[in-house]
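The next block holds one structure in the form of structure tokens; read it before the comments.
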Amino acid sequence: MKSSRWTEWTWGKAVPWVLPVALLVAWQTAVETGWLSSRVLPAPTAVMAAAWHLGSSGELWQHLSISFGRAVAGFAIGGSIGFLLGLVNGVFRPAERLLDTSIQMIRNIPHLAMIPLVILWFGIGEEAKVFLVALGVLFPIYVNTWHGIRNVDAGLLEMGRVYGLGPWALFWRIWLPGALPAILVGVRYALGIMWLTLIVAETIAADRGIGYLAMNAREFMQTDVVVFSILLYALFGKLADSIARFLESRLLRWNVNYQHRP
Amino acid sequence: QKPSPTKKEEGEVIRIGYQKYGTLNMLKARGDLEQRLKQLGYTVQWSLFPGGPQLLEAMNAGSLDFGHTGEAPPVFAQAAGTPLLYVATTPPSPKAEAILVRRDSSIRTVADLKGKKVALNKGSNVHYLLVQALSKAGLTLSDIRPVYLPPADARAAFEQGSVDAWVIWDPFYAAAEQTGKVRVLADGQGLVANREFFFASRSFAQKHADVVHVILEELKKVGQWANRDPKGVATFLAPELGIDEAALEIASKRRTYGLEPITNEVIAQQQTIADQFYQLGLLPKKIDVNEAVWREAK
Amino acid sequence: MGAGQGAELVFVQVAKRFGAQSVLSGIDLTVKRGEFIAIIGRSGCGKSTLLRLAAGLEEPTSGIIQLDGEPLQGINTKARVMFQDARLLPWRRVIDNVGLGLKGNWREQAAKALEQVGLAERANEWPSVLSGGQRQRVALARALISQPQVLLLDEPLGALDALTRIDMQRLIERLWQEQHFTALLVTHDVDEAVMLADRVVLIENGTCAFDWPVRLPRPRQRGDAAFADLVEAILRRILGPESERGAIAASSFGEKRRAL
Amino acid sequence: MKSSRWTEWTWGKAVPWVLPVALLVAWQTAVETGWLSSRVLPAPTAVMAAAWHLGSSGELWQHLSISFGRAVAGFAIGGSIGFLLGLVNGVFRPAERLLDTSIQMIRNIPHLAMIPLVILWFGIGEEAKVFLVALGVLFPIYVNTWHGIRNVDAGLLEMGRVYGLGPWALFWRIWLPGALPAILVGVRYALGIMWLTLIVAETIAADRGIGYLAMNAREFMQTDVVVFSILLYALFGKLADSIARFLESRLLRWNVNYQHRP
Amino acid sequence: MGAGQGAELVFVQVAKRFGAQSVLSGIDLTVKRGEFIAIIGRSGCGKSTLLRLAAGLEEPTSGIIQLDGEPLQGINTKARVMFQDARLLPWRRVIDNVGLGLKGNWREQAAKALEQVGLAERANEWPSVLSGGQRQRVALARALISQPQVLLLDEPLGALDALTRIDMQRLIERLWQEQHFTALLVTHDVDEAVMLADRVVLIENGTCAFDWPVRLPRPRQRGDAAFADLVEAILRRILGPESERGAIAASSFGEKRRAL
């Protein structure tokens, strides 16, 4: 019994890593057998060496901590605005009429094209970078919140109103929990976007940050650092995913669809 | 020169990368190269790149046979092991890059830049120019506050007042001058060479030396034309770049077109740049430029 | 929300159409303060619609609904509805569902209400694991606990067995006697209607086709002859005495009772 | 009656444009009064002129048609893969265990950082560009399909299985329609991403396409064209949104939450 | 799926637990081919669970369920279930819901089934606009049309008025006589159970506590003395003769009937 539980646990933890590890092994083999030129794609060991170098010099942690600050600030701002807009547009049709088209239009403007304008508005300081992250995070949260709110069971809402719930209680007891599965999908997506946007944001006069690290390495063709930063992003993706899963498992316990989760 | 068709595979493709502002662009527009290579049984595939680093990136990946950049990108590419070979260069054009300040700025000399924010493209020609200019004024990079921005962003930051000075090259330099709102603090004269370089990938140069020669010949012709007719160059480039013809004429006049071989002097200049970048910590390792120069097997 | 104070509800020529389909056409009905009315009628005749109109969840196509003399506009804040489907919040525990919208020490009240409907030990489970009848009882507890002035019950005991059903009927009657709320009960069980209501209203062809006052003293006894007569009369009317079905109904429900 | 319908119709059509038009007017005024330097942000009229120039020379249509081709190809490929992955991972837990982490990791790698690798794999031709678009489109479709599938009413699925529906019928009759609202949110998002990715993809040795147009103009500081391309992107956003809305109104007619839509 | 051929269903010491909660503990029940069994019991006693076990939607914690002599594994492909909640696909029209899973010219059959449940003219509407009883009838039509070997009905007529209910009972009986399927019917209406079933099984404390064979000839008459006696006996047993409730029940249902 105990051992089978343990097997189950390892299975749950290990299986997701099968594919990434297999890829890593294949890659190392390909480089070692010379099938892939190490100039073109450095071996994992070489990438590790670059990582070690960055890490031990303390440079990496500087990059990380500064990016982390930007990411969190941007997420907080963009996430809240997106959430509020999604909420308002999901609940009130006239608001949706007025705002949705404009939001969908802004959403579609690439950050890269927008940079000159962003510099004009915010200068080259932290504001510009945080603004871009916020903008990137805003839309997935907005779209999914809107969708979640729109699909809250109308019968439950009727029930809530009949039972005398005020707007506030209605929101906390019905709108929000009803929309939560969709909102968490938005959060999951936005946590990824948060890091993604940094790579663009940190082309604006940055000399720290992992977006800077990546783009600078690309510019100077330091392939090992480029690949390392890609791995770093991938790990952040995994991290974001774990956070999202954790939130889901905590907040959606009532939902049979989210039960039996590892 | 007679073609010897037996040697060539029929319809082999020569992949050339070019940028909008440079000699290859004009070569492409004139179409002479295609004509000649067609006789030799080749077709040409042109690929446009937004900048030197991207072009060399493609060459590194084996997607390009021939290309051109300024003087800084190949240094980094070589450090990364890109199989490129310097095949030719142009005469120096030191006047084609400069340090700019706003017209009403209180900064009068390079020495006044101390403690000021200076926008520049990291690891580019102007990075080297700035280092040289500062050292002539008795300063180092750590005495100023460099702000690394690509040209378009730098201009926005410069005009918005986020930075005090801007180190930039042509044609952006000329375009900024045209606005009448900038003052030149110093240009590259006496500081840098500022050449354009032509590269072939190592394997291509080995296999198709003849083609390299053909390209160089054609480049030479284009260069001669450009030198004779800077106005024509401006007229040609204006719609391509979307930059004012007058500005382009200025830019065209202050650079020299043409083709020069990679002499030991040129190699030495490139080596100095590489060593400088290495000292600045931009280059991860020392390189020997000499190793990347095309020397035809006799 | 004054407990012990029912509200008066008056339907004046109320009609309701959905698109081309006319569901109710000219309902005239006065429900006095604290009166208990049972509504019966065939499936799809508009009983739920009538309750939704009274709750302010639908607007009448024509006619007026008056609540304590004022025309009803928007949600009827004096009313609580027990819907035909349970409508429990899947993300709240059973006890939280019962206490929804209550203030003060609602947890104690909710626990008591759950005990009354026989689900005390299920208080901390998710609604999704309850059986159909258990869900219905949770919804009933939620409706009863809220001490409304108007209570609208849409087939509240449809999924319950005979025994539990009798218990729940008693519970409803007791609370009604304590709190004097106005009650509208939709049911398919004529026995239940006669057991609980002051008046039984039959909806047919979109109007209140018939209206039986129930003048039996409470607590009512099913064994009572007058009780049985009334049930029989109502069944005769709804099953239709002429038809073959009517004959069955009469024999099955009515005549036995009269024979008592 | 008839006139009120007409008013309603115009209201429905006009309101979404109130905000964009107001912005446009404010902008023109700001430039004309000199409050905003026209070199920094050209007046709408100047942008119109640039648009007219690009349009009348036929250049614009070339850019558009080539980008359109890439966008459609990328959307078709990435959309189908994302849909299939979302489906498989939504339906089969073991597949999710195995694949989801990897997908979340790849999702988080910025295209900009990936370009060196993409060039290695696909060269500098069309494949590389289509690949990037496909990659960009894949994830929103994947995440939303997965979410939609995961949240299909388990009761209906039970019913379907009991009524002898085979896997195929179960998919068409229950999984798909049940997940459709969420999938359409993904489509809505992906239609935007499709254009967004092009701006990165078309920095790879492109000399045509609207991403190229935007980045080239940015490079050479043709502010009017930059702004025009931003407007173009915004219009595409609106277009994508209209397509998504059209699909919703057609496919979700049964859903009360999507009724009474303009 | 052979129409006119019921399957045999045997429960051998079947137990079912949900976590710590034991719902069924040792069900022994043999349902012969073509037999019609009614299951009664208190709310939450495990009737729906028993049906779900028979349908293969739940696995027994212990014990075996045999279908035609073979142990049941996975979904019971010979069975169709009418669930306690209607479970209509909201994205398919009423007629498409009825025809779900059918092949051939199902549209005609579905239209006929809809007519039999009295909803012919609602064929092309979305399920969301139907009333509770109408939804139940659509689900019933869907279950009846599928010509299963085992039909599992979970309170199929709970939301219907007396008249419609009698019609539907007739419909079920007629189809059962025509097709000879094996039927398990969960109901709270003892009258209904006796009207339709060959045997009435009472579930109590997780086991089949009692089993009344119904040996009345069909078509059965509610007016019949034997019919009334059996109903009374069953009611006495479930309401408990000792309790006050029992007394009410006896007087209300039983004695009147006996007096006939």
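Every chain is named by a letter (A, B, C, D and E) in the order it is written, and numbering of its residues begins at 1.
The rule is simple: a residue touches a chain if its C-beta (ideal position, glycine included) is under 8 Å from a C-beta of that chain, and two chains touch if they have at least 3 such contacts.
Just so it is clear, the model here is predicted, and its values are computed rather than measured.
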{"item": "Chain whose average C-alpha position is farthest from chain E's own", "value": "B"}
{"item": "Gap in Å, rounded to a whole number, between the CA centres of chain D and chain C", "value": "51"}
{"item": "Whole-Å separation of chain centres (CA-atom averages), chain B against chain C", "value": "86"}
{"item": "Distance between the centres, which are taken as Cα means, of chain D and chain B, whole angstrom", "value": "37"}
{"item": "Of all residues in chain D, the ones touching two or more other chains", "value": "40, 115-116, 120, 215, 218, 255-256"}
{"item": "Junction residues of chain E - those touching two or more other chains", "value": "85"}
{"item": "Multi-partner residues of chain B (each touching 2 or more other chains)", "value": "57, 61, 150, 152, 155-156, 159-160"}
{"item": "Chain-chain contacts as defined at top", "value": "A-B, A-C, A-D, B-D, C-E, D-E"}
{"item": "Chain A residues touching chain D - in the complex, by the definition given at the top", "value": "12, 15-20, 40-41, 93-94, 97-102, 104-110, 112-117, 120, 139-140, 143-144, 147, 150-151, 154, 181-182, 185, 188-189, 192, 195-196, 199-200, 211, 214-215, 218, 223, 226-227, 229-230, 233-238, 240-241, 255-258, 260, 262"}
{"item": "Chain D partner contacts - residues on chain E that touch it in the complex", "value": "1, 55, 57, 75-77, 79-81, 83, 85, 87, 89-92, 100-101, 126, 128, 142, 146"}
{"item": "Complex contacts: residues of chain C adjacent to chain E", "value": "18, 40-44, 48, 84-85, 129-134, 137, 154-155, 158-167, 188, 190-191, 221-223, 228, 235, 238-240, 245, 248-249, 251-253, 255-257, 259-260"}
{"item": "Complex contacts: residues of chain B adjacent to chain D", "value": "17, 20, 46-51, 54, 57-58, 61, 63-64, 150-152, 155-156, 159-160, 171-172, 175, 179, 241-243"}
{"item": "Complex contact set, residues of chain A against chain C", "value": "155-156, 158-165, 169, 173-174, 177-178, 180, 252-256"}
